[in-house]
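Next come two complexes built around chain A: one with chain B, the other with chain C.
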Partner chain A sequence: MARSDRLSAVAGHGLPDFLGRTGPTAYHRLNPLTKATIATTSAVAAVAVGGLIGPAVLLALAVIAPALAAGVLRDLVRTSVLLALPIAISVLVVNLFFYPEGQTELFRIGPVVATAEGLRFAVEILARIMAISGAVTLFYLTTRPSDLVIDLERRGISSRVAFVANASVQTVPAMVERAGQITDAQRARGLDTEGSVWRRLRGIVPIVGPVILGSIAEVEERTMALEARGFTRPGRRTLLWAPADRPAEAFVRWALLVGVVALIVVRLAGILP
Partner chain B sequence: MVVRWIAAVVAFVATLVIGIVAAGGSFTDYEAALAAFPWITAAAVIVSFAVYAAIEFAQTGAVTSVARQFGTRTIVLMPIAIAVNVVLGQTVAAALKIPIYLDSIGTIIVGALAGPIAGALTGLLSNLLWTYVLPPPFHSDFAAPFAITAVVIGLFAGVFGRAGLLRPRPGSRIPQLALAAVIALVVVGGLAAWTYGEFYSESFSLDAFTFFNPTPDVPPDPVLVVIGWLIAGLLAAAVIGFLLLLIVRRDAGVAYVVVAGAITGVVAAMLSAPIAANLFGGVTGAGTDFLVAFFRQQGSDVLTASFQQGLISDPIDKITTFLLVFIIVAALPARMKARFPQGERLVEVGEEVAPDDDGWRGATA
Partner chain C sequence: MTLTLAGVGYRYAGASQAALLDVDLELRGGEVVGLAGASESGKTTLCLVAAGLAPRAIGGLLRGRIAIDGADIDAWPMHRLSQQVGIGFQSPANQLSQVAVTAFEEVAFGPMNLALPRDEVLGRTWGALETLGIVDLAERDPRRLSGGQQQLLAIAGLIAMRPAHLVLDEPTAQLDPQGTRLVTDALARLAADGASILVAEQKADVLAALTSRTVVLAAGRVVLTGATEDVLGDPRLPELGVTPPAAVRMRHALRGAGVDAGLLDEALAGA
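Our next item is the complex of A and B:
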């Protein structure tokens, strides 16, 4: 136990604080794959069911209830709303005002008419978006990124894929930092990042070019470093720690998968309205 | 080797046709199948890959050509490519406020340098990690459903790279330039004509030339005719600008890169549109949504409006991306490129590749 705690601390290094917590509640301590399955199946089910009531029920049962149990509801609402806001605004504006099948006029601004049918459609899409966004947000609020990868590696995905996944998590912030430095440097040399569309378009190459070229230049060193450490050796790797799993969770995962497939089949066959 | 490629392409097309027929369409009338296009394409990718691998295994007893794409060098490049996709997809495009996505540069780089399967895997992992693994602020709840688009972009980039379309050809002679320009204009023009006829207008006539006329019986709104001509004028200006660029740079490669970008863009739009339509009613929260609103206002249904928006944005985005990748890869030293599995295809004809004795052709490098 002590060893796994130490390893968890190492794995959490460099991540935001709210992700570095080690499983305070039972929901956090579920196997990462179970949580990923719950997130995916509830998102797919929200789309497959359609309408307003289905996604709303899913949102309450599969997102809000577990989030309350895990004590992350505040974070969930904040992050989920923030992530879904641009698309939610688009959905609302586009469908409220530009819904050609709409007949019932709510109000009008100049030549565009807001219709009740458009509003209804927009609210349905919004419910679906909130269900998808909530399910995925709940997953990563309660799971450390490396845990899912370690768990999948234990289940037999290639250690190379696992390396790519974990390295991506670390490469993203490093690249943001590099991009910031390069943007500052180019602006010091007179690059215009504020002007007209054409000027901004021309700003892409002097920023993107050096970021990518600089990163690719590092490939050589890293390749040699990995090969020197036996990265290409064949055979299975021994994991020092992996998230716990229980037979009951495996059953739940399979049940959810079968359930969602059945739901899609039923919907495609047109049995449900 | 040729047999494998032909078999893979045949399997791909056959699965597409079977899928379209199964979804209720036919060769000439495939509109019924448009909504199912992402599923059909996913099946076609898997089937053609299985056929390719099976034939290679039958011929040689191993799948070396696939394994070769995943050397340590590729594995190290992939996280960088994924980071490029995510960082650019989420920030630069937003910060520069341009209605394109720029979220497939890394995928296309890996496809071009390492091969189609490596490119496809990079695309798949990019979108999956973006949703399931990467923490905020570089996280998107809505990337995973579009994974099939990213897979096909990586696959196409790999095939185009292998075919040598992304090879720089500086100092091309006039006949070569002319040939490249004609090929590019024919392909891009053909794609434009097909998409226009299929998605933007029922009939083609010069006095009713408009992008926004779903009902040809009613005479179109004159404003829309003007806008239609305006867009046509912009396209013509883009073509002339492209030809000038070709002559100034004297690099026939630019034309082939545009061909690659245009084809990838149209396919990407065909894949993303049904996904966006089914999940979000056609919008994606990006700068392209005003186009959806515009097409909806003209009476298009959700799916059609998604196609109409995507078939404008995606080819522009993918041509820009392919040109960026072309410039970036051309700036890499030849010996660095040549160490990647498919890098020789990106080295200029006659460019000096420094002799190398560290065994990069081996399975491990």
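Our next item is the complex of A and C:
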């Protein structure tokens, strides 16, 4: 014990090297706000530009190329496809068979007719959905949420807002874990969580109740623990580190914002097809 | 540095009866005081009152006087008081800030909130991790640590605030034997370094190992107080809901069986 204590005393007194590490590639190391701006503007642009070629180009330039550079393409494809799948299927089915202006028959299943116009429209929507889910997934795969919150706090949002944002993100795994424990506990007492859809739905009630009530019951103790650590002190607090930012990145962010606003104006004015 | 409670009574908001009545208690610098008593005897309430959370954070009605070095703390806001009296709770997980990704950031949370200069925050954080012997946990995710490790981390987070007194409400109650040993060893080292600690504790062996003085509560009143050795040997202890240490129980049993207890003392001294 004594020896390890003496060893640890050598650990140093500066910022530990594991803090402030923002990722393995240059894209990871971009300022979180820059990555957030890229994700938001490309998602908005994909909706605004319409058609098939526009979203496809956006997908290639703003999602696939950066994902390649960041070495996360495989994860990106898997996650964004899973993310988009439920809505993609319903878009495809609804438009293929029930597109109001559908004329050209492709094939027919009983009374419903699949039309070429419907297919074309569905593919256009799908391109937008893929661009949006790709942009969001790329951000998520290359940025820790806490890094974005630290960056925003450095830029001046209040410590409280930053805390709430950060705690909400960090609490999700804890809630999932708690739900798992309660599910096991209720199963041990004979709750049926498998079988028909109706049975599963009924099984949710005795799980969701304790998850929410349990979290509320903890609030008082958690609040006191925060107060005991100076959380209620008014004014700004000290930050240990913040993600780097460069003038060039600020320029890119503004350029993207101006660009996407211009695009929306152009589309609304009906200049582009 | 002395924390003084004089004639302190407290009633929770909405409660019809007082949870504490006429409690006098003094916690001097460098002293480790134990707080024993049955469940519902007022241990937790006394901890909350001594640390100022009751009534600041949870409302309720406080009577009597609480002072630090003679200065009344009534008007102190919590963030000021928390630099004089730090409080730790039973549940290791509920004390985590929920925003720290590493144990290092968890310990730094308090000093960051106090807006101390960055170098001061870093120095205090390393210092607190070293004091608790958990520097090697610095990079770990706090939520992935064992209960005992989380409890050490929570105490480190308090120490980083550099309070003159620590109030710990049953810090080992939710821990397994290994976690209990981890925490009591750390507290013993803190005590040896001259920290002043008020620790609520049900385990008499822990009280015997850590504290020099013990206060026993029953129904919100102090019913027994004195040197830990004397209090733990007091025959009224079992009826106050505190199980005496094994050695004391054995001595009572031997005496009951007509065996000379002096033999046991000799045997213990020989061992």
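What we mean here is this: the second predicted complex is superposed on the first by the 241 of 273 C-alpha atoms of A that agree within 3 Å, B and C clash if a C-alpha of one lies under 4 Å from a C-alpha of the other, contacts with A are read in each partner's own complex, and residues count from 1 in each chain.
Note that in this section contacts are C-beta pairs under 8 Å (C-beta built on N, C-alpha and C of every residue); 3 or more make two chains touch, one makes a residue touch a chain.
All values derive from a computational prediction rather than experimental measurement.
Peer 1: Which partner chains sit in contact with A:V94 here, chain B, chain C, both or neither? Use first/second/both/neither.
Peer 2: Only chain B; A:V94 stays clear of chain C.
Peer 1: Name the contact category of A:V161: first (chain B only), second (chain C only), both, or neither.
Peer 2: Touch status of A:V161: first partner only.
Peer 1: Give one of first, second, both or neither to describe whether A:L106 is in contact with chain B, with chain C, with both, or with none.
Peer 2: After superposing on A, A:L106 lies clear of both chain B and chain C.
Peer 1: On the A-aligned overlay, A:G235 touches which partner chain: chain B = first, chain C = second, or both, or neither?
Peer 2: second
Peer 1: Kindly classify A:E227 by the partners it touches after superposition: chain B alone (first), chain C alone (second), both, or neither?
Peer 2: Both partners, chain B and chain C.
Peer 1: When both complexes are superposed, which of chain B and chain C contacts more residues belonging to chain A?
Peer 2: Between chain B and chain C, B touches the greater number of residues in chain A.
Peer 1: With both complexes overlaid on chain A, does A:V47 touch chain B (first), chain C (second), both or neither?
Peer 2: first
Peer 1: Taking the superposition as given, does A:T171 touch the first partner, chain B, the second, chain C, both, or neither?
Peer 2: Both partners, chain B and chain C.
Peer 1: According to the stated criteria, A:A84 is in contact with first (chain B), second (chain C), both, or neither; which is it?
Peer 2: In the superposition, A:A84 contacts chain B only.
Peer 1: Could you pull out which residues of chain A sit against chain B in one structure and against chain C in the other?
Peer 2: Of chain A, residues 15-16, 19, 163, 167, 170-171, 173-174, 218, 220, 222-223, 226-227, 231-232 contact chain B in one complex and chain C in the other.
Peer 1: Applying the document's contact rule, which stretches of chain C touch chain A when the two form their complex?
Peer 2: Per the stated touch rule, the residues are 48, 51, 53, 56-58, 77-79, 82-83, 86-87, 89, 91, 94-99, 101-102, 104-105, 108-118, 121-123, 126, 129-130, 133, 135-136, 138-139, 143, 154, 157-158, 161.
Peer 1: Once bound in the complex, which stretches of chain B touch chain A?
Peer 2: Those in contact with chain A are residues 70, 72-73, 75-80, 82-84, 86-88, 91-92, 95-98, 102, 105-106, 109, 121, 125, 129, 131-136, 138-142, 144, 278-286, 289, 292-294, 296-301, 324, 327-328, 331-332, 336, 364-365.
Peer 1: Residue numbers of chain A touching chain B in their complex, please.
Peer 2: Where chain A meets chain B, its residues are 15-16, 19, 36, 39, 47, 79-80, 83-84, 86-91, 93-95, 97-101, 112, 121-122, 125, 128-129, 132-133, 136-137, 139-140, 145, 148-149, 160-161, 163-165, 167-176, 179, 193, 197, 200-201, 203-205, 207-209, 211-213, 215-220, 222-223, 226-227, 231-232.
Peer 1: Using the touch rule from the top, collect the residues of chain A that touch chain C in their complex.
Peer 2: 1, 4-5, 8-9, 11-16, 18-19, 144, 146, 159, 163, 166-167, 170-171, 173-174, 218, 220-233, 235-240
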